[in-house]
Structure formats: structure tokens, C-alpha cells
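Two complexes follow with subunit A in common, the first pairing it with subunit B and the second with subunit C.
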Partner chain A sequence: MFYKQSINRKLFVWVNAAALTFITLIGIVPFIHLLAVSLSSNTAAMAGEVKLIPIGITLDAYDYLIHKVEFLRSLVVSLKRVVLGTAINMFLVFITAYPLAKSTEQFRARTAYVWFFAITIFLGGGLIPTFIIVKETGLINSIWALILPGALNVWNMIMMLNFFRGIPKEMEEAATIDGAGHWVLLWKIYLPVSLPSIATIGLFTVVGHWNSWFDGILYMNSPENYPLQTYLSTLITAMNAQIQSISVEQLKALENLSEKTLRTAQIFMGALPILMVYPFLQKYFIKGMTVGSVKE
Partner chain B sequence: MIKKVVSSVLISTLLAASLAACGSSNENASNSNAATPTNQSHDANEPAAAPDPLGKYEQPVTVTEVIGYRPPEDAGTPKGITPEQNAYLKDLKEAMNIEIKYLWAVPSEQFEQKFSLALATGDLPDVMQVDTKTFEKLKKQDMLADMTDAYNNYATPELKEWIESDGGFTLKTVTSEGKILGIPSFEDPYMSTQLIWIRKDWLKNLNLEAPKTIDELEKVAEAFVNNDPDKNGKDDTYGIAMQKALIGWGFDARGLFNGFGSAPKSWLKGADGKLAAGEIQPEAKEALAKLQSWYQKGIIDQEFALKDETKMSEDITAGKVGITYGEWWVPNWPLNLNMDKDPNAEWEAYQIPGLNGPGKSLVGKLRLNSITVVNKKFEHPEAAVKMINFYNLMLNKENFEKNKAEDGYVYNWFQPRIYQPNLFDVIYDEVNKAIAANQDEIPVTDSSYRGINDVFLATKAFLAGDTSTRSKGTNWGLYASRAAENGGWGLTRKIRESGQVFFNEFYGLPTPTQLDKGSQLDKLIDETYIKIIMGDSLSEFDKFVSSWKKLGGDDITNEVNEWYEKEAVK
Partner chain C sequence: MSDKLAHLRRRNSNIPLHLMLLPGVLVTLIYAYGPILGVVMAFQKYEPALGFLKSEWVGWENFEYVFNLPDFNQVLWNTVLIASLKIVFSLMVPLLLALLLNEVTKNWFKRIIQTSIFLPFFLSWAVLGGVILELFSLNGPINSLVSSLGLEPTMFMGNNSWFRAIIIGSDVWKGMGYNMIIFLAAITGINASLYEAAEVDGAGRWKQMVHITLPGMMPIIILIGTLSLGGILNAGFDQILIMYNPIVYEGADVIDTFTYRLGLFSQQFAPATAVGLFKSGISLALVSLSYYLAYKFSNYRIF
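For the complex of A and B:
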């Protein structure tokens, strides 16, 4: 900021700002559109007239939404899933990454273990075998079917592992000299130091749990166990365009689809909680990681 | 709490009593040998001495099902109700001692995916209502129970009348080596007759006549594009609704292709008596050339290749377009929305324009919606037929009036259900009769009651200008689609009587190559057609024909003709 700005520099700043604004708009305009449609009158919404400003403003859709059992029920399932899932995921990532971050002198079988985990990134079981395992272990239709199959995210675990390796050895040594064992090291030294990376991985996990919908369809046998995104996906899936004629019942379903404002209201409300998580975790992204803990 | 229990006990006893009553009355009419509910307790341990279509099992029979469901149609349905809580299931248990257990329930859009998974893991329910493709798959894997006896002994005379109303034509397609493998649910194939729907008020505004030929249609459409038909002083209209699925289920180009005497994705009888695929005929090329010129003139939307049916319905609702090809149902959705939005809007159905005068529409030989099948491992195939009987009983006046949506009766969640094939004709006749005689109620009380009553009430309300229960558009939609003389079904009937149709001769189940390569070929058709309309050279069509043949089209043609020689009823 304090050096003289050349023409090129100015040009760069402007182009940069314009490009970033444009990208931001691409991201934010769909949300504004959703919000506008959900606040509009149904006729205007059905005629496709609403763009970014609501036409015939009404809160009817939201009023109806707070009484809509399906939506609220799914919201509860989703919240349960996020809380339980994130807790379990983070715990497993944390305690798995710790020993694997040690050097081979400290933990001889380390490399073998890392490969054991890493191989699952490249080779998956496939849809049907995974389904059969979930079914035979009796998890079908319970919330654990959504949590346990992916309880240890290996990718996140390796990220955490690499982060642990970046923590200066001196801290660990200092603690060991003072009499700390592995357990104390893990909880008293590594945990506080790695808060930024826990926040990052935690955010990925929360978003991942919140957004995933397909496993809900696979593993849940009745709709009252659907997480929110699975429920929302059933609202927006279009009718199969390959059919050449529609039946009376399909027609009836089309007629009932005219609740467009309600649909958009639900999609908007579905995205809102996760949008609100970001500002709170923002500071951890910006914070330096282990700045100032050790003087070389 | 106690109150609740008492009332529910009361309700269920009442239901049981009334059901038993209808059950016995129907039996007396149908089958004098059938055991009545009272003497059934005597033959406690004799399994099925005399088959009773509506009788109660001694021991509870559990039937597993899977269901792809849509939201309840009635707004009064209790919120948050799930398929397991459907009140019909409770009634079924009381009437027949059949317990339905859903292995899983998913919204209908996800059904196919979930069902393939179940098929792959061998996790099939006892009774299923499937489409033709799944039927063929299950048949090949020998997973279907023989339903011949179940159908012959347990179907009510009414059900038999429905199933055999086409002379056993449809039943034959689900019969293999003399065994009936499923109960088909089908409708009148003329329901897919193509009509053209035009804004009559726009015609009046511009002093135009309804078009009879494709050239006249082009002139009207051009006027709709250029001469401000809605008189709002803005250039905001285009000619004819069209969307990316050219051969789809609505607002598509089927009617136009038919006007040229062609029908892509259908099998037409050639001069040599053999069947040929409609998509590679020279007539299809002519229709594409016309569409191409319409695209250039702005008669069809410049962005049609990006729009789907929902987008099209928005354009129609918004009053951006005044002509659409479509079937009988278009007034029901979305023309009704346009009527509600614009009080001046008036829509009228006409026979599709042809090259010289009104054109012939394509209709199928068969309109098979679904097939009810039973898992080979299941011991009571007759339970499936009895459940169909039970449901048909639920449609009559008495039961329909008693079973309110508010009490948790969700009809479109009950499976298996069979359509009454001639329901639309019955509705048309009965409603018009009742309206002409100025009646306040329809005299019919049997299984067609529900269908007729709905249209009757809407027609009466529309003609009287009454909008107290439903909007004008909704009333008009039901009236214009099903009861009006020149409406959807009215005009379709006239076309059926005058024989202004040609046939899709292939009505068999998909052939092996069709199952294998069909979707790939469909994609090729869609892409080529859209490219040509958007300005590609017409010679692309000839290239498309040769690659279609090479990619499996020839094999399919042979298979279809083989089927035609051996199995088609000519």
C-alpha cells in the first residue's frame, strides 16, 4: 500500500477486483434469485417473471414452511447427523493422524499403516458391495448408516497428519522432558496447536455431512429418516423426459408442483445454516498456524 | 387420550362393519358359490375351499411391497403422514386380514434407482407394480410367479371386464407360455392423440381463422410473433411452444411430425407390410426442415434447446406463447394457470394441421401403464389380486364419501391399483348426461364414481361461474380436458370415431437390442434433430440415418419385424 503505484499495478488491481467481483456474483446471484422467488406471489413465480427482485411480496411460503412436518423432520435428522458425524469424524481423524505422524524410528509399522489407509482413497468397494455391507450389519434405516460408512475420512486424516508433521519437534521434546506421555502430548500439546487445521477440516466435514444426499436415498427406507438434502432433492427432480405420454396421476403431480414459492423457500432455508457457519470459522483460516511458538 | 382411543375403536368397528357389508353384497351379485364372511369360520383349516375374491384370510397374510410415492394429492391430508400410516392399509387388514409391509418407501423420482439396487442385491418384495422393462427383466430371470389361477379364480367380474375390455389384447402381452405373469393396468391408447391448442382470444384480436394446414399454422404463428396478439404494445410473444425433448410428453414436436405423416421413435407400417422406424423416414426430414425454417423466423423460441417442460409451462402461464401441441390434458396444466393469470385468456383445441387439411395423429396400439407381478417365492399370489379387488371397492360412492383424506386416506399410495380402461369415456358420457338433465348429483355409484364426480363438480362450478371451492382455471381445466364437447377428450373421441389416426404398430416389450442400445440411439436422435433445427445442414439427416442403422438400428428393425410376424395381433 505504501509503495508508488505504477499504471500496470493499478490496471492489475482493477482487473483483479473486477474478476473477483464477477466470480462472487456468479456465486451469489442464484441465492438472491431463490430468495426473490420464495418471497414472491405464486402466480408471478409460476410465470417465471421473478428474476432478482420479488414481485408481489408475501411471506406465505415461509409461514407454511414453519408448519411443514416433512421439512422440520428432515432438518432434525440433518442436524443430528452433522453433530454426531462431525464429532466422530474429527475424533477418529485426530487420534489416527497422531501416531501416523511419528517418524519410522518411533513407530516402525507406520508406513504400512499409512498405505493401509491410503489405498482406500484409490480403490472403493463400489455401490452394491457397500450397500450389502451396510445392510448385513443392520444399519439400514438408522442414522448410523449415514455416519459409520465414512466415519474416517482418509483424505482429511492425511491432511491432519501432514499438519502434525509441520509442528516443531522441539515442542514435543520439551513436553516429554517435563514428563508428558503420548496421551498428554496429544491432548495438551497437539490439540491446542492444531486448532486452525481442526477448524478447516471440521468445516469440510460439516459441509460434507450437510450436503450429502445420495446415501440418504440408498440407506434410508422410509422418508421420515431422510436428511434435509435428500428430502430437498425429491422436490427438485424433474419428471423423466424420456417418457412419451403421461398418466393421469403424473398430471396430478404436475398440477401440485405449482407451489414453486414453497419449493424455493425450502431450498433457501436448506442452504442458510451452512452459510452461517462460515463467518465464525473465518478467523481460523486467516490466523497463522504455529507462528511464534518456537524460536529457531 | 381415552377419548382418542374410544373414538378410534369406534371408527374401526364402523369401518369393519361397513366393509363386511359391501363385501358380502358384492359377492352375492358376483358369485353365488363364494363363501360369505359368516360361514367362513367353519372351514378354518381348509385352505381356499372356494375362492372368494373379497374374502378374509383366516391367518394374517403379510405382503411385502416397495413403493415410489408422490405427495398426497389432497391438501387436507394430515401433515407428515407416511405411506405406512395410510388408512387404507388398516382397512385392508380388517377386511381381508392382509398386512402390507413396506420394505422401503422412496419418492417416485428415486424409485428406479432404489429398485435397481434391490434387484441387484436380490432383495425383492412379494408384490410389485412394475413397468414393462422391469417386467421383462424379472421374466428373464424367472422371478415371477404364475398368476393364471389367481387371476381366473380371484378377479372380480368387474376386474375381468376391465382387463379383457380390449379382447384380451393387453393380457396377451403379459402372458408367456400360457401363463399369466402379471395383471396389466392400461388405458385407452387414444389418450395420446395429438391436438393443437390455440389462444382463441389472440386469433380474435388479429382476425384470424384457426389453421387447418401446416402452411396456415405458419401464417398464424408468424402473426403471433409479429403482430402483438395480446395487444399490450410490446414485442413479447412468440409462435409455437417447443422444448428440447422433441419427442417427449408435452409441448413437443410430436404433433408437427404427425402432421407430416411421420412419427420418430415409433414403428410405422411401410408399403411392403414391414415395420420401419419413424425417425429415419424421409417425412421426418421434411418436418425437420420446417422446424428449421420456423427457428430462423423466430416462430419457435430461440432458446428452445435449453428449455424443458417446466420452463415451457412458465412461458404459457406468462402469456408469451399462444400455440402448443399437446394431448387432452393440457387444460389441466398449465393452461389453467394461464387462465387464472390472464382473465382474457381463452384456449381451444383443434385437430392437428396436416399438409392438406387436418392431419392424422399417431396413437399407440396399447397403453400399458404398469404390471402387477408377484415374486415367485411368495406363497399367496392370489393376495395381489384380492388387494386389487379391495381397492376397486374403495372407489365406489359409499366408500369414497366415507374415506376422507383428512382421516389419512391417501389413494395414490395404495398398491396395486389398476386403471379402469374406459374411465374417460364413462366420465364424458355421465357428466354430459347429468349436466344436460340439470342434475345435482350423478346417479353412478360404482368404482367409476370418484372419477366422474370430480369432473362433474368442476363442470357445474365452471358453467355457473362459481369459484368458491376452486379457481376458475382449475374448474375449467377439468371441464375442458374431460367433459367439454370440443375440449381435450371430446375432440379426441371425434378423432377416434372418424379414424383420423395412424398407428405405432409395435407394442411389444423392449427387444434385446433395444434394451442394450436403445438409450444410445435415442440420444443420437435427439442430438441430431436439435442440431438440424438450429441450422445444421439437412444433409446431416442422411448421415444420421446411416449411423443409426450401423449402431444397432438395423438389428432392432429385424427384431421388431420378427416380433411383428410372430406375436402381433393383426
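For the complex of A and C:
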């Protein structure tokens, strides 16, 4: 009996490992394919010969890429957006969470403010009215259109607020007795102890800014102002438009006209920063998720 | 001591607290409350030159116009169908993965699997959409696999049912790591002595899973399930927008993409806002209901 069970167990462990490996490969293989295509010769890539190993290996696509104006300038816009946007997001999260973390008896208006912010989680104006407000405030075609509308993320602010509530009261009381006001408490007591939380929330914010592409399409009239992901989305939309062509033969001909290796190289570059950093920072992401419990 | 503290606190005026809130309040007022008020244009014959304040009021005309558009019912159906299937699979697949991963005893193996399953979550739909279009294109790897099996190559992205399946599948692929990690955390929280007792009673791994692990995870499963109820009209805007094309509008055009085309391509601002308001109204009711249920069953609160 015991012997039989352990055989079953062994079998299960192997089948389980195989199944999980298979699922893992499904997640990884598409990116290996993408990289392989981008490193292959254009003819091999277009003929659809490339699977997981580059054929006619060449760096031509990447060589072309580092001189391609559209790619480079959108990369600059993205970097600007990530730096500026994350700085503003984190500043607002930090400075807004502090007063709201006070007790109601200490800060009477707290409840009203909390409702003011919380309502925006449940209510939104939708796409068109938001677009009109952004337009009316003169942000179209400016990088601020990608930063200001989402400058205060209420969910992140609540995460920060909950963290502030966990800071021992004694620290604040001692400083208050020494004559510290709110600004001193904010910068000298709260900021140093909350650096890990700021880093965790900041990580999600950086990824969010790097990944957004639709607001670029919506608010930028000229491609010169597109961030990288928006620029990539235009490549994909262009590729998608080909599907509308009538016959399979026609489609094949069109697909061959596109510069497949260059396109895959650019998509791969759009994923590269995250592919490189993510494995090392994964535990901080997980920490951020479980601290804020269910975020969605 | 505490008297002195209370005195100091009183003297420490609250004006700085209001000042700290000012930037956040301003941004929220303009970019969150502004659009909320702008929703009135759903009841107007909106003229950009006149703005929200001076445009002519037309009552429910925009709603009537939109509901009578020939595609509207199809769009509504697509939205609910795609969103519900996403909700179901985004719950079941990560649950299964978490249970399987929980049986793995080698830590290094566990870590590799977890890392790679979680990876697509951090990539944008611009990148993932590009990857998927590449994979399923006519001379892509999936079609060469199909041909090598002796079948005709398929235009996956130009076929309504295939396209829907790809939308749902790729969304599950992108998101499964997130819920899996939440589920794994729930498993870790189960009292270890329950397993010890079960082992003494002769229960195998399977029985332990059915009688201890799954019941222990029930609260979090119910919580995630209830909270996702509010998203029943969110079928995934930017995902569908980047992957679809006119051939698959019939099967994959959803409320958000429909609003986008109606508003920004056809420049019909007011009718598009009416669709948006219709969606927000239903979503608000469902979200409120789901938070109420989550609070009732799992004691879940945002604050």
C-alpha cells in the first residue's frame, strides 16, 4: 500500500514538473522567437523559416535601429516621461498620504478629503470627456498630457496611507514634543522610514509609465512626440491593416514587403528593459502586491 | 506628558496638512472631476466651440441614437461574453497553477517557474500584441506548425472565433502570474498543523488538497471572484484595440473600442459619451455590489 502510493507520488511529481515546464515554455518561447527573427537575415525571416534559432545571423536590424530617428526620439520621449512622471507621481502619493493618515480627531477634515479622493475610484468621466478636458487645459501634444491626468494614483496613495498608519506613534510624538511641525515630521521622520515603500510603489509606477501607449495615440498629434510604446503600437497597427487585404496570396505578398526583422527588433527593444531588470526586482514587485493585498 | 502632547498638537496647526493636500486636490479636481462633470454632454448636442456650458440640451436623444445603431447589440454581447470568459479563466488557470506549483518541493525550480509565469504581466499590450500577431501571422511559427501537420494555414487574426479565443487566451497568459501569486500567498497562510493532523489520519496529498488547501483558499477565491464582477463590461480596451482589425469587429468589437471609434474617428463626441455613461452606470452599480458583497463575505475594505 505504502509502496504503491509512493510510486504514484513519484509519477505525479514528474508529470507535474513536466506540465509546469511546458507552461513556462509557453511564456518564454514567444520572446525567444522574437529575438531569433530580429537576429536573422531578412530573407529567412520573411520566408517564415525562423523558429527559435536565428538563420543567417546578423545584427543588421539593430545596426539600422540605432540610426533610426523615429525609434531614437521616441526612446527619448519615453525616458523623459518615466523620470518626470515617476517623480511627480511619487511626490503626490507621499505628500497626499501623510495628512490622510492622521486620525480624524487630529485632522477633522480628513473624512471629507478621503471621500473626495475615494469617489474617483468608482466614478470616471470616460474616454471622451477626459480627452476634452485634457484638450481644454492645453496639454495636447505636450508631454504633460501623459503625466498630469494620472498624476495622483489613488490606489497607490491608499497603499502609502496604510503604510504610514503602521509607523509607531511614539516616533511622531517624541518629535512633536521636541517642537517639530508637520513639514519637519514629513521630511525628517516619515520620508526616511518609508523609503522601501516608496521604492516598491515607484517600481510599479516606472513600469506603468514605460508601458502606457494609448494615451500617446490619444493626446499626441505628431509622431515626434510619441513615447516608445506608442511608436511600437503604430508599427503593429500598420501590420494589422494588412490582414484586411482580400486573398491569402495578396496577404503573403504584403507580408513580404514589410521589414520583419526591423519590426521584431523594435518590439524586442521595447520589452528589453523589463526583461533585463524584472528577474532581479521580482521579489519587490511581489512584496508590493502582497502589502497592498488585492490591488484590483 | 500626554497633556503636554495634546497641547503641542493643538498649537501645531492643521494648515500645513491642507497645504500638502492642495496639489493632489487640484489635479483630481481638474482631471477626475472635470470629466465627471463633462458627462453632461451625453445629454447635449455638443458643439466643441460652445463647450459643456452653452451646447444645446437634447435629453435622451444621444442614447436613443446609439442604442438604435445596428451594431450596438452585437458590441454589448461581445463585451459581456469576452469579459465573463476572461473572468472565469483568469480565476481557474491561476488557481490550477498555484495548486500545481505548491506540490513542487525544489525551491529553485519553483522560483524559475514563478518568475517566467509572472513575466508577461509586466509587458505592455503594444509589445505583447506585436508578439502575438507575429506568432499567429500567415507565415508565422503557429501556421508553419499547422502546415507541418498537413493542414491548411489559417488566418487566425482574420477569423472571428479564433480571434476571440486569442484575445481571451492572451489575456489569461498576461495576467495569470498575478492571481497565482495571490493564491500562493493564501496557501502559505494555511495552518501547517492541519496538514500534520491529516497525515496522521492517513490522508494523501490529493485528499489534503481537496479537504485542506482548497477550503483554506476559498475566502480569497470568493473575494477575487466578487471583485472581478465589477469588470464585466471591461473586456480589455488596449489589448483589443491593438490586435483587432475590421474583419473581426463582428466578434471582438467591445464597448470601449466602439466608443473610441465613434468619438475620435467619427467625431461624434456626444453619442460616444452617451455610450461611455451607459457603461459607467452599469459598472458603478456592479462595482458597488461587488464591494458590498466582498465586505459582507470576506470583510474586505479598501481603507
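Here is the rule we go by: the second predicted complex is superposed on the first by the 225 of 296 C-alpha atoms of A that agree within 3 Å, B and C clash if a C-alpha of one lies under 4 Å from a C-alpha of the other, contacts with A are read in each partner's own complex, and residues count from 1 in each chain.
One rule holds for everything that comes next: contacts are C-beta pairs under 8 Å (C-beta built on N, C-alpha and C of every residue); 3 or more make two chains touch, one makes a residue touch a chain.
The shown structure was predicted, so the numbers you read here are calculated from the model rather than taken from an experiment.
With both structures placed on the common chain, the touch criterion links A:Val69 to subunit B but leaves subunit C unconnected.
In the superposition on chain A, A:Val13 makes contact with subunit C only, while subunit B stays out of contact range. In the superposition on chain A, contact of A:Glu224 is made with subunit B only, not with subunit C. Within the superposed three-chain model, A:Thr43 lies in touch with subunit B and out of touch with subunit C [touch as defined at top]. Of the two partners subunit B and subunit C, it is C that touches the larger number of subunit A residues.
Applying the stated contact rule after C-alpha superposition, one finds that A:Thr120 touches subunit C and leaves subunit B untouched.
Of the two partner chains, subunit B and subunit C are each touched by A:Phe131.
Across the superposed pair, subunit B and subunit C both touch subunit A at residues 46-48, 127-128, 131-132, 218, 237, 239, 241, 243-244, 248, 251-252, 255.
By the touch rule above, subunit A contacts subunit B in their complex via residues 43, 46-49, 67-70, 73, 127-128, 131-132, 135, 217-218, 220-224, 234, 237-239, 241-249, 251-258.
Every residue of subunit B that touches subunit A in the complex is listed here, in rising order: 70-71, 73, 79-80, 82-84, 102-110, 113-114, 117, 120-121, 123, 187, 191-192, 244-245, 247-250, 254, 265, 308-311, 313-315, 317-319, 327, 329, 332-334, 336-337, 340-341, 364, 367, 369, 412, 419, 477, 522. Taken in their complex, subunit C has these residues touching subunit A: 4-5, 8-9, 12, 14, 16-18, 20-21, 23-25, 27-28, 30-39, 41, 48, 51, 97, 100-101, 103-105, 109, 112-113, 115-120, 122-127, 129-135, 137-141, 143-144, 153, 155, 157-158, 173, 178, 181-182, 185, 204-205, 220, 223-224, 227-228, 237-238, 241-247, 256, 259-260, 263-264, 269, 272-273, 276-277, 279-280, 284, 287-288, 300, 302-303. Of all residues in subunit A, those touching subunit C in their complex are 5, 9, 12-13, 16-17, 19-21, 23-24, 26-28, 30-31, 33-34, 37, 46-48, 51, 92, 95-96, 98-100, 102, 106-109, 113-114, 116-118, 120-134, 136-137, 148-152, 157-158, 161-162, 173, 176-177, 179, 181-183, 186, 207, 210-214, 218, 229-230, 232-233, 235-237, 239-241, 243-244, 248, 251-252, 255, 263-264, 267, 270-271, 274-275, 278-279, 282, 285-286, 289-290, 294, 296.
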